[in-house]
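Next up: some structures, all given as structure tokens.
The same subunit A turns up in both complexes below, where it pairs with subunit B and then with subunit C.
Moving on to the complex of A and B:
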């Protein structure tokens, strides 16, 4: 054992420490300067809530915030339903060909650069004469989110024995009942995890929203982007702090889900370990 | 189909069939069709009153074949490649340290890496922009410590590459961490006993054992980095623009949608070709090892 300690690779530990500092530096800066009492973004002169006060009185920004919450909520709910249907269907469908083809199409949005998806969505909506608005943003976000839900739910389904469902059928359940009473409750942790994840992703998503949004109200990230282009301002730090806090809460909850549900795995294991169990 | 011989499985097939039909229809209507439209419009033209129209011209692709655009493609490739290499250099020590020395804080440390990456990418890039600007906190720190009179960070390739690494390194760390976690650490010990040296052990034991994760991580970092436009927009300037910036300009500023579509198709084709070449190369290597 002492030999092992001797060989502890110091460089790796140092790199890791520097990495964490680098990772959190901009986040700490945003939060810190959001409480600055001056406009300066380089030196902290004193504590103040003035930038948050600015936010509360900024009608356009609050509209954007509400728009983003609405977009994320609707997109999450719809993509949960569609993504779960797709996962269940793919898991049980008999034709190997269907399974492989649809499985690949499902994964495509995940490997397509977002700018491609964004441009394509813009062309589609304009092409079919749909006016760009919150609706088009929601449609685009749903399309993008289905893949996440499907991947997470499929991961969870791999751990569910088909026999459980067969047993329910033998006990007199219809297919639909077996689905509703046996399968869906088993999937609950994965669904909650996927929901939190998708909400966080959609709420923060800039690229798709940027290409598919109408003029008013713009989703929050799009509004933030336009203000950033005109220069940095401490007011953005305040909204940024709130956005960081919201995402952090969602993701931490998703990470802690397995504990909340007692046992079993959750969506985030899939992301953190790449393993569907 | 053939399964209809048994009523029960026929019923099941139809239930699963329905479950598949709705989301597949959605994906066909909103995803597949949208990509088809991009491809079609890339052969289109702009009408005299400035509207995009479908046509069968290859003019957009011919317009793409010029030095300015090719340079942007090469630059995007190089930036994405640099981001991948730096991510690998970061990912191994970080993943290794957490897997080996994380102890009971392992999960907390992984969470500490994951959480920021789900927090607004835009806000984090904005923060870098503020920190690295000429009168930002980093430069004022350098000045007050007397280390330097100030360094221009923004608008340099390194700012953009750094931003890309910052944005996507998590996709390299997580798979490598997962495979190191599964790796029997006594293998590394054995390697050390056999080869007598951490460097040789690393290349002859650790790397082969984590190869699939490394290959996956390379794709996960490269793909989004190649198509990124926000990073170059915020941390860079015209001299560091990537292909994504060009696409964005055609659609939001230049208003030449057919040309923008051709660029988008070129981007997709370039990525597809690179992916095929890459997957071929890595699968041969995987077989050999």
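Moving on to the complex of A and C:
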């Protein structure tokens, strides 16, 4: 009987294979055609780095890439600070009812359709007379990212916070020292995880950026979208491949960093399972 | 180690009160804990014992009253400037530091130089038998080892009093018994006052010099383990520690009348007026089923049930239809299975007058 159970059902193998092909074939195509020596996006005729060369000389696209890196970096740093402060503040709310209500309000941006957030941000900025620019994109992205940071940091706080912080104060720390010397290092894996997640989300966010960006330089996803309307250049494939490489590096870093902190589990577990480490 | 004058109590609480949203959790506590004492605050959950501990540590502000540590008023001193350290129930170890980093944390905050610190950390780790685990992360240690790191981390600061919040609650039974003995030995060695919060009566009785039984924010009784076990002063204390046969009756001519036919003499009791409602408590192991002497209070009864417990046998003995007593008999070497009483047997039970505890 157990022998029968051990046999893998062939259908499961097939479904799994189809799933992975479905998932990765388009990405493989992007990588492959970024090395094509023709402009064609349907037949691969030979290997070349011409589209990477093209990219390096495409000033507008590079400007957009830099703009997106800048937007994502600033939005990540600011939302990490604000989101962590919010999580710490929520943790200190005495009344259970207030805490639950505030927690729910914090989560609202996660479930609001992004297009609503985008339109709202656009109306707000034009309403108060703020000229659309990279600044408005950053502001909109920060508002949107704080919730992610807060949710992840709170997950970690629930497990450890009170007694660890009290232990620090018991052993001679002021409130601020307890935060700096014990609470933040304890939260480090969650902060790294939250930072990576927010960076990845903001970097390729299209909807919010589309509604709130000014003319120049446009964030990369907006730029790619508008250039596709005038015909696709394989330079886009090249930039896609580079981004893929960058994200892969980020993920590897995220997996390795916790080892440096000496933990068995990684901050990615926190994102994927939502469980405090 | 402790050179503080033994006449100054380590901890004094004066009218300590804590009100949370309208309910009084700790109600006018007065308590003195002597230097070097192993003191247990024992009570059911929600009795205010942990709140009391948190107020002494400084994590919770009293609504009124004062807290003195080593004779010094610390009522409004923040926790980091109190000469008090805590062993937390969850241990609250710092996961980003190794064991040595955890143990040395307090000394580092005090600005003790690295050489001295290293030496003291090593001594402390030897004391808790973790000398070889200094470089480990806390997450890699077992429950008992984590517990000892938490203990070392607090003790190294040589506080005037060490507060322990149910420190053994998270350990399994066998380890808990081992740690009880170890904790007691460590306390004797370092000579620091231990104030220990627990809901486990075994723990409180076996480890402490004195026990305070707390209920609904007040101390019901405070004394040596023998005092509180042998001479409970309230119905709550008698029922909470160990098991007691609690019988209610009325005070009449030096006796407690339990029923028209049964009256238990209580020669030592004072302070009750004729006709007052009082209770009598007798421990099950103080009641004899055989070898009764003339000095005993004796009453006939019927065995209702017999339960064999290995070291002891527990009998339920019915005296009147409304009065059934539990009797615990040691299974002594000379006793054989056929010597045990069976349900339905008519017996006479008795106990010595000093084992009759009258509660008002």
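Definition applied: the second predicted complex is superposed on the first by the 255 of 277 C-alpha atoms of A that agree within 3 Å, B and C clash if a C-alpha of one lies under 4 Å from a C-alpha of the other, contacts with A are read in each partner's own complex, and residues count from 1 in each chain.
In the analysis below, contacts are C-beta pairs under 8 Å (C-beta built on N, C-alpha and C of every residue); 3 or more make two chains touch, one makes a residue touch a chain.
What you see is a predicted model, and the numbers here were worked out from it, not measured in a lab.
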**Item:** Dominant contact partner of subunit A by residue count, subunit C or subunit B
**Value:** B
**Request:** May I ask you to decide whether A:188 touches subunit B, subunit C, both, or neither, giving the answer as first, second, both or neither?
**Result:** second
**Request:** Using the superposition on chain A described above, determine whether A:21 touches subunit B (first), subunit C (second), both, or neither.
**Result:** neither
**Request:** State whether A:172 touches subunit B only (first), subunit C only (second), both chains, or neither.
**Result:** second
**Message:** Just to be sure I read the superposition right, which of the two partners does A:56 touch: subunit B = first, subunit C = second, or both, or neither?
**Reply:** neither
**Request:** For A:163, decide between first (touching subunit B), second (touching subunit C), both and neither.
**Result:** second
**Request:** In the complex, go through subunit A and note every residue touching subunit C.
**Result:** 160, 163-164, 166-174, 177, 182, 185-186, 188, 261-264
**Item:** Residues of subunit B touching subunit A in the complex
**Value:** 1, 3, 11-13, 15-17, 19-20, 22-24, 26-27, 30-35, 37-38, 41, 90, 92-94, 96-98, 101, 110-116, 118-124, 126-131, 133, 135-137, 139-140, 166, 174-175, 177-178, 181, 189, 192, 198, 213, 216, 219, 223-224, 226-230, 233-234, 244, 247-248, 251-252, 257, 260-261, 264, 267-268, 271
**Prompt:** subunit B touches which residues of subunit A in the complex?
**Reply:** 4, 7-9, 11-13, 15-16, 19-20, 22-27, 29-30, 33, 41-43, 82-83, 85-86, 88-90, 92-95, 98, 102, 105-106, 108-109, 111-117, 119-124, 127, 139-140, 142-143, 146, 150, 175-176, 179, 197, 200-201, 204, 206-207, 210-211, 221, 224-225, 228-229, 232, 236, 240, 243-244, 247-248, 250-252, 255, 268, 271-275
**Asked** Which subunit C residues qualify as touching subunit A in the complex?
**Response** 57-59, 78-80, 84-86, 88-90, 92-98, 105-106, 109-110, 137, 139, 153-154, 157
